[in-house]
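Each of the next two complexes has subunit A plus one other chain: subunit B in the first, subunit C in the second.
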Partner chain A sequence: MPPSASSSRRAGILPGRLTIRDLINALVSGFISGALYASMALGLTIIYGVIHVFNFGHGIVAVLGAYGAWLFLTSLGLGMIPSILISCVAMFFFGLLIYKATIHPLLQKPNWEFSTIIFLLGFGIFLENMLLQAFGPRVKSIPPFFEGAIEIAFVRINWHEVSLVLIVIAFVVALHFFLKKTWIGQAMRAVAQEMDGARVVGININRTFSLAFAVAIAATGFSGILLGTKYYMTPHIGWDWMVKGFVIVVFGGLGSATGAVYGAFILGIAEAMATLYLGALWVWPVWFFIFVIILLLRPQGIAGGRTL
Partner chain B sequence: MTVEVQEIDSFYGDLQVLRKVSLRVDEGEVVALLGPNGHGKSTLLKAIAGLHPPTSGSVRYRGEDISRASNERIVQMGLAYIPEERHLFPYMTVMENLRLGAYNPRARGRIGENLGFVFALFPRLEERRDQLCSTLSGGESRMVAIGRGLMSDATFLMVDEPSIGLSPALKKAVFDSIRKINQGRGISILIVEQEIEHALRLASRIYMMKKGQILLERGAADIEKAEIEKAYF
Partner chain C sequence: MRKHLTWKKIAVLASLIFIALYPFLHGNSYVMHIFVLFFIWAIVASNWNLLMGYAGIFSLGNIGFLAIGGYTSGILAKSFGISPWICILLGGLGSMVAVTLFLGFPALRLSGIYIALLSLIFADSLPSILTQTRKITGGSMGLHDIPPLFPGMERIHAYYIIFAAFLVILFVIYRIIHSSSGLAFMALRDSQDFATSLGVSEYKEKLKVFAWSAFLTGIAGGFYVHYLGDISPTTLAIEPFLLAIAMMEMGGIGRFPGAVLGAVIIVFGNEFLRLAGILRLALLGAVICLIILFFPGGLMQLVDWLDLKIARIRQRRSAPATS
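Here is the complex of A and B:
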């Protein structure tokens, strides 16, 4: 039996030491990560696309959503679905509050491009430490939605992971429907593409901003819950997620939902391939390498300027 | 009186752009606003549309004060502004742009009817309904901009230089369509233009604006092109 990939730590391993099974496992794993990253990147894209602000507190918001669901599950003993729903609704109103209390005033003043970045970064640090105080440093995770696994050909996939992919697909479809078929969604697209035109047709820019922010925060919290079922969490992991989200949306094209989804899958699989061929230590260098390459070769990203 | 502007001032920062400007448009009229570029004509339209509110004076629509009203409220009331730059949504189709024109709640119930009118006016748009607006020609994007304004179910249209940059044939087509909008639907129109001859034929009254002030107001029949051109300089 050929040795498994995990025993190959050095770079420059001979491909012959890996089996087809290892490769397919890695592809499947990468695809699933990609799906989770896609759900995460969409919230970021909405805020950037509509408000043109980059949410540097993105990762910690995802952790907050996850911790919220965890809290309802464990302390209040609620079922999985009610916990998720309540967490998302709470995140929506949290987003509204944050927007009205802080982002909106900042946007009225000069240099809002910078002040919002600094604020959201600081807010992320603040929130991270609040979570540490409230929940402590021990790792948390959310239990999987389903037990058991399925074996197809070479690969063993958990039913939970299958459900994650299906949930993400449903989520992307729902978001697409929201943006293209509802008045408020179309208003968000209008503001994202041409704010002066949005004013001309009578759209209330401020209300559109606040709703976009709130929807994005709820979506990000939801993605955090999904991530929390697969990865162990401490508040600090929010920064990892934020950086990965950043690379994904730049790779996909800032402001493009389609680009973000494609970017998430490509980078998820690239990450899995890197882990397979190079080892886990090379994951971050590979992310940053891809980031630098896309900025050098095609800074507008895959979508190339097309926005929501 | 549909629209009554009384002695409004407007500033961009410290720069005064409108000085005690007064103007009116009566029900069902077409009024032309002439004058050299950069002298405040667009700013006046934006002041009425709620996009750049005046610092003093008043704007009234059918008697109601709209000087400080939001853009949302003003469109809802029936005033539509069609900017010179068009500001179409580039990554949306012609159809999506037109539908968004009906964003205000009053217009949403009348999309079918207004769309019919827009497509009758501009058959080319119906052909191109699923085309992205970033790929349209200059004349076509003008048509979409005007159509989008009509979709708001407006009773008062402010059109900013609709024929600029178009070929003579397209210029004529634009003016013909504006005439049809006014005569076919009774929509009052305030049009900013540099095409003096076309404007004189279309409008019943003209204003001329220079350096942020109204220089003269005349019936279109009572003034010659030559006189207007002289007043430009």
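Here is the complex of A and C:
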């Protein structure tokens, strides 16, 4: 990199000094993190859309999936694809178990809304510290899928990041197909839109709830793996991922899958812009600010009113 | 009503007398320190319970109120040399203003889960604001050498001062709950439409309870910093948050002295569990889960159960005597 470019990046506080090159680089990296955020927010929005439970253990579920894949990769020496698959399937059954054992009985209680949230919060912290006990606080990362980088004009993108964006797109399309075309996906949408109506036409609410929960947990675990290949991971990182997921999901409209995808891209780019113009430390206040603005102006989110 | 002296009143009185006499009975400096922490955390948890249990506003940011009050008071006392007593009040007011502006007003338009998310992110964005304003707040290192309440303050003085504050604030919370305003926000919690149709102003009551809760928690924050002498962004980390949630759940959400009972168990239990190291937080999480799953009423449920048992024993005893 020529010295002039690096010095202009160092003076990133002054917008006048920024070159178009920095701007485009930031846009690209914002787009990539937006794709990752989208994959992460989908699990959250499916659970809220169908069951109306807000998963406050979302972050740790993603971390758990990533640690699972990491464990299969390094300790058992499996290949990348088998370990990701095994991790996702394990997360699916884990979700099923959690739903049957805890969420289902809690939903029968009168103040289920509060108790499920605090339960999931406590459970998340329990899992986080068990992970800490098992794996220690040291930073781990899953190796990238592909080595090397591609250079278009002056923008340098890793092949790994290209593959991540493609995987996320495939993932979103697959999830879309699942929700729109398969029987169980349609049942989930029916329950999300009108629970009594769904019950009348013979959909087993309880079974749909448990499957939606398990699918969302598996999807969250998968997104955790993707995030773990791009960023580092520790047992604590789940909180940061989760809070970002919260803002994205509210931005897109709670329970709306399309909204969550749009929201993730918009916020990913906004985050990159904030890092470029204000510095990395301002990222959290910016997220809070965006969140407040959205809540004040349009609490139903950008795709508001629609469920799943 | 002949039974003015129920077992509950006796128990409360006995424990208050015990706490008041403790420094003379035994006077272990370390245990006194834990008692002071208990007073502060009981105030925080009771205020949280006021907001969450009584007003039904699902706030997750009350540790932020504590931090704002503590930082305001600490900075004013340290940098400007104002008397800590005035600083504590100003810290409470600062917390009240900040919370009403950034949480209270937005929360008027929102419900349930949205308030939970907003308040969580509110408390979560405070540490990065603190590190941004390093010159005033000390950044991630925190604020040190905050002057004590008066020069030459010893632990026993702090013990009695904070004990007094604890009693006063709990009394204030009790009065709020049993005032017409308390009735109004409980009505709003239970049936919003019905309450508004009876002329309860939702805006006024919600703002009022936010302001009170923030003010009292901010004052607790002031006592906290002037007692400990320092505060850092770790106050806003997950552990204090979890402790306060556990206290509320343990005591029983929406029951008045519940949070205080929970605070006793959690603060003292937490000290015992320091031996467990990392597993301590896992245990706390597990305790929260188990309470919600199996004892949703918390300790107050146990108190009610004991109450019923004792009433039955009394009845059985008095029945043959009268007949």
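Criterion: the second predicted complex is superposed on the first by the 294 of 308 C-alpha atoms of A that agree within 3 Å, B and C clash if a C-alpha of one lies under 4 Å from a C-alpha of the other, contacts with A are read in each partner's own complex, and residues count from 1 in each chain.
Everything below uses one rule, namely that a residue touches a chain if its C-beta (ideal position, glycine included) is under 8 Å from a C-beta of that chain, and two chains touch if they have at least 3 such contacts.
What you see is a predicted model, and the numbers here were worked out from it, not measured in a lab.
With both complexes placed on chain A, subunit A has more residues touched by C than by the other of subunit B and subunit C. By the touch criterion defined above, A:I118 reaches subunit C but does not reach subunit B.
When both complexes are overlaid on chain A, the residue A:V89 reaches neither subunit B nor subunit C. Of the two partner chains placed by the overlay, only subunit B lies in contact with A:Q186; subunit C stays clear of it. Of the two partner chains, subunit B is the only one that A:G197 touches; subunit C does not reach it.
When the two structures are aligned on the shared chain, A:L97 is found in touch with neither subunit B nor subunit C.
In the superposition on chain A, A:Q133 makes contact with subunit C only, not with subunit B.
Residues of subunit A touching subunit C in their complex: 54, 102, 105-106, 109, 111, 113-115, 117-119, 121-130, 132-133, 239, 243, 246-247, 250, 254, 281-285, 287-288, 291-292, 295-296, 299. If you check the complex, the residues on subunit C that touch subunit A are 52, 58, 102, 106, 109-110, 112-114, 116-118, 120-122, 124-125, 127-129, 131-132, 238, 242, 245-246, 249, 253, 278-279, 281-282, 284-289, 292-293, 296.
The part of subunit A that touches subunit B in the complex is made up of residues 183, 186-187, 189-190, 193-194, 196-204, 306-308. By the touch criterion given at the top, residues 49, 51, 70-72, 74-76, 80-83, 85-92, 96, 99-101, 103-104, 108, 148-149, 152 of subunit B touch subunit A in their complex.
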